[in-house]
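These notes concern the structure reproduced below.
We call the chains A, B, C and D, going by the order they appear; numbering starts again at 1 in every chain.
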Amino acid sequence: MLRRLLLSGASAIGALVVGAGRALAESPAGGEGDAGPDYWSMLFVFVLASFIGLGVIRRVSRLLHTPLMSITNAISAIAVVGSILVTGSDYPPTIRFMGGIALFASMTNIVSGFLITDRMLKMFKSEKPGQGGHA
Amino acid sequence: MLRRLLLSGASAIGALVVGAGRALAESPAGGEGDAGPDYWSMLFVFVLASFIGLGVIRRVSRLLHTPLMSITNAISAIAVVGSILVTGSDYPPTIRFMGGIALFASMTNIVSGFLITDRMLKMFKSEKPGQGGHA
Amino acid sequence: MTHAMLQASYILATALFIFALHWMNDPKTARNGVYAGVAGMTVAVLATWFQPIIIHHGWIILAIVAGFAVGIPLSMVPLTAVPQRTALSHAFGGLAAGLVGTAKYYLWYQEGPENLTTFRMVAIVLEILLGYLTFTGSLMAAGKLQEVKWIPQRPVTYPGQNIVNFFLLIVALGLGAAVIMNPSATWAPQVFPAIIGLSLLFGVLLIIPIGGADMPTVIAILNAYAGLAAVAMGFVLDNKLLITAGALDGSSGLILAIIMCKAMNRSFGNVLFGAFGQVQQLKAGGEQKVYKGETPEGAAQIMEQASLVVIIPGYGMAVAQAQHKVRELYDQLKKRGVTVKFAIHPVAGRMPGHMNVLLAEADIPYTDLVEMDDINSDMPQCDVALVVGANDVVNPAARYDKSSPIYGMPIIDADKARTIFAIKRSKNPGFAGIDNELYFGPRTWMLFGDAKNVIGELVKQLSGGSGMH
Amino acid sequence: MTHAMLQASYILATALFIFALHWMNDPKTARNGVYAGVAGMTVAVLATWFQPIIIHHGWIILAIVAGFAVGIPLSMVPLTAVPQRTALSHAFGGLAAGLVGTAKYYLWYQEGPENLTTFRMVAIVLEILLGYLTFTGSLMAAGKLQEVKWIPQRPVTYPGQNIVNFFLLIVALGLGAAVIMNPSATWAPQVFPAIIGLSLLFGVLLIIPIGGADMPTVIAILNAYAGLAAVAMGFVLDNKLLITAGALDGSSGLILAIIMCKAMNRSFGNVLFGAFGQVQQLKAGGEQKVYKGETPEGAAQIMEQASLVVIIPGYGMAVAQAQHKVRELYDQLKKRGVTVKFAIHPVAGRMPGHMNVLLAEADIPYTDLVEMDDINSDMPQCDVALVVGANDVVNPAARYDKSSPIYGMPIIDADKARTIFAIKRSKNPGFAGIDNELYFGPRTWMLFGDAKNVIGELVKQLSGGSGMH
């Protein structure tokens, strides 16, 4: 039973991978004037961006891990860009409606994400100036 | 005199910048199936790679700045890729000859750069094992 | 807004986002990070909006206004509710990705099959799988954390659960593969909703068996999924800004999840499929051990004489909202010339950095918050260790008891201090459901009660006391 | 080698290069960095070579073999010649970029004007400008460092020099702009060589006014140029691997140049146009000050009694090749229970990290090499500071004498040690051409002579001495 499941799982994943591979293989040669978006550029950008992400995030101060969570939230709401395109283009209303919901969701994340991050960061003080004690 | 020089300098640089701007402005819209290499992808990649470079290099151990100079030498000899393309394609011999010289120059950098880096790095030891003293 | 200006804006926004995260490496520059983030987002939104293909503006304005209307109150939740808010925002992010993917598929299907290239189909399927499962999964997580009534807090398990979940995932993937291979078949638009439904269901089933207390780690993993969904959207729309921002978000989720797992000495798999915290195996044999109680008066006297007091806060401080009282205690002790430090365990509380925000809220300078690795070497010189609602993070069993569920987890060495006072309400165990021998130690005295009240008592004793000495 | 496989190889090579540089952050992992770099380069070369458009293999093989034939001996130069070798390799890099750019221009010109888009022309012009000026500039730098006879060591200056150089650059840029605007004009292929010639000339003229001793900084700047030339080549060939690797190289040159300038408290402009080290303004009034000499015997006795000896190496140690003798001294002192540390100034010697490689060559564990900022707080506790051929990096005038050319440069606080011994050959000043009052200080004794000989004497005294005490 488990084995059959595993096998079918493997084949489903296999199909996906083969699909992805075929997609990339059939992608245009880029460079000297071919048509279509260059998928390899996108992959290149993804790899570079992941390196940057891992490098930058690993160096975020441990003190600030909670605000980090909320600011990355806000930044990942960049999905707003896609939502605007779907909502505002000359598409059928049902499609645009889905875009509108997506836009609302993204905008909520942007607003609440940045505001709460700032709210939290405002609290971090290195040492009260007018404060007694002598630490 | 100096002023005239500065002015003509500014206009020459201006011409270059305008050229670059025109180049990017006339570049294909990418995305939905236009022709030509997507210059914006290249710029994107350049910006990301510079972030990675600055982030990674700033964290190289000060101990190793000399080997760092030689390893980046070797890596920047990636110009070898362009040289191979020019040398080995079906081009006129004069063109291919230039490529051959470039290929030779790049290959020299690759070989000597990696070898000397390794030679230097082999010297760095944290503490001799069979060593007297008790530092 | 020409193509060139659009692309230049996107590059600018990317750089601003990278700076935003970079500046989070120091509390001094962190607020600049927020400004950079806001600037990047503004540039990206305006550049997208001002393109000539955007011709309908009504719904855009409406959605943005609604986003502000909901986002502003959401940003004012109390700090204890931050984990829920985070989960909720992942749900929103997942939903947005899922909807855009869905919209794009039907759009391209109507416009003609040549639009549905294999590449795009792979990206769309990944986008909707990740998007919708993040949506429901995060909603469940938020519900558990908020302790919503009709969502079970404790893990819900049944035999064969992992197999059923796995089977569901396989079916979803299989349908996805079928649609990818035949994107413009007449049955494809009917199968598509099935994939969506399965993803939604899978999100729920994935979270049901996980205990509320494991939610922080799960949230970080869902964060990574939300980031990957944005990356997939970037591939669908051929938009490199989306790819970059998504990758940044994904990295953040991944790294936070790894840090938490390491600090708990558990694996991803164990968190996701282990149904941790499910049965509280109370070892019956342990009950004969005895606690030594102490009164606030006695404790206050000893703390007054100390030269170094280390306060170790835990989840209990968050529950009791005791941070302001802790601040008063800190002030009182400092006034008497006592050095006071806070020992911060990476997974104290219920989310990464939880203790730091709470203490910062109470205006305690972050220079007095010391990380576990740095404070442990000072613990033998510490006169009083005051444990405020922490439990697992100070349990010495983690060091040697191989049978303990927290074995191998690094802890704060409270047991090495000369005197230990521990504040908690009862004899109940903490998150991991195990006894803590620290409480029975020869130099440990318990201060039973709610953290806020007990610390209030301590403060009263100190301020009513003799003042300077 | 399909397009997909080629692109996948390039992504792999990019990742390997990033890892290569990342692993240089620790001496323990640095050698893995070299392996990653070699692997990345191998992948890139093979993937490019195996493309179907590559049909001529003879010249490729020939050039590769020749590259090995020259590269292997070049990698075996003595460590003192490393700066020259680095400069030489930038020259090669610049040449390669220039040649590929030239080849591509003539090729596209022949194939038809539609190939010469404005974007490509801008990239080509930048590539050849940067490439050829790096070529001759680096050759000059290498020559000055190698002290080749017919290249003047001292800066060559004349009135209006900067204006002439600037004018040359303007003409080159102007011609470049003309070619960019009219890439397929019949005169363009004739103007192109003029741009090349001007770039070559500009490289020479740029370096002539800079003293041999400023070469390390110049080399780092040329390194950045070589990297940018590779980036430009990437834009010309639409190759993202070239862009990335070039950007990595460019960052490295930039950061090293910044570090050196900061450590010398000078600006880029001052290095490039300041004609530093040109006139050795010997302040005539200073000669009456007196040095106190010491014999190796006396110095050895005092060092033997010390508990902490800090050795401060400088350019003189490199010149004298004294590092192996220093190692013997280190061993002798350690045998007697003396703690020995090395204080490393960031610009001691003539290239970044110079002292570290030399001392590593002599098998001194890098854990005993301490950076300036870390050792300075220990200097007041130091019994003996032994200055081995260092001068500017220990000159206290940097701290307060605003008229000094090194004012503001951070230094190693040798003058704070209880006793200072300084080894140099003569009363001549160091690189900056100024006297060093440390040598006249009340607790300083000079050990005049070649560093290798003097340290050899010290070792002889110590090993002939009474052994343990």
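Quick note on the criterion: a residue touches a chain if its C-beta (ideal position, glycine included) is under 8 Å from a C-beta of that chain, and two chains touch if they have at least 3 such contacts.
Remember, it's a predicted structure, so these values are computed and weren't measured experimentally.
**Q** Shared touching chains for subunit B and subunit D?
**A** Both subunit B and subunit D are touched by A, going by the contact rule given at the top.
**Q** When contacts are scored as defined above, which chain pair ends up with more C-beta pairs, A-D or A-C?
**A** If we tally the C-beta pairs in contact for A-D and A-C, the bigger total goes to A-C.
**Q** Need the CA-centroid distance for the pair subunit A / subunit B, whole Å please.
**A** 30
**Q** Between subunit C and subunit D, what is the separation of their C-alpha centroids in Å?
**A** Averaging C-alpha atoms per chain gives centres 46 Å apart.
**Q** Once you find the CA centre of subunit A and the CA centre of subunit D, what distance in Å lies between them?
**A** Going by mean C-alpha positions, subunit A sits 41 Å from subunit D.
**Q** How big is the gap, in whole Å, between where the Cα atoms of subunit A centre and where those of subunit C centre?
**A** 17
**Q** Hunt down the residues of subunit B that sit against at least two other chains at once, touch-wise.
**A** Those would be 24, 27, 30-32, 36-37, 41, 44-45, 48-49, 51-52, 56.
**Q** Listing for subunit C: what residues touch at least two other chains?
**A** 18, 238, 240, 244
**Q** Could you classify the connectivity of these chains, where an edge means two chains touch, as line, ring, star, complete or other?
**A** other
**Q** Report the complete set of touching chain pairs.
**A** Contacting pairs: A-B, A-C, A-D, B-C, B-D.
**Q** Mind listing the subunit B positions that touch subunit D in their complex?
**A** The contact residues of subunit B facing subunit D are 1-2, 5, 8-9, 12-13, 15-16, 19-20, 22-24, 26-27, 36-37, 39, 41-42, 45-46, 49-50, 52-54, 56-92, 94-128, 132-135.
**Q** Along subunit B, where are the residues that touch subunit C in the complex?
**A** Residues 21, 24-25, 27, 29-32, 40-41, 43-44, 47-48, 51.
**Q** So in the complex, the part of subunit C that touches subunit B is made up of which residues?
**A** 2-4, 7-8, 10-11, 14-15, 18, 238, 240, 244
**Q** Along subunit A, where are the residues that touch subunit B in the complex?
**A** Per the stated touch rule, the residues are 30-38, 41, 44-45, 48-49, 51-52, 55-56.
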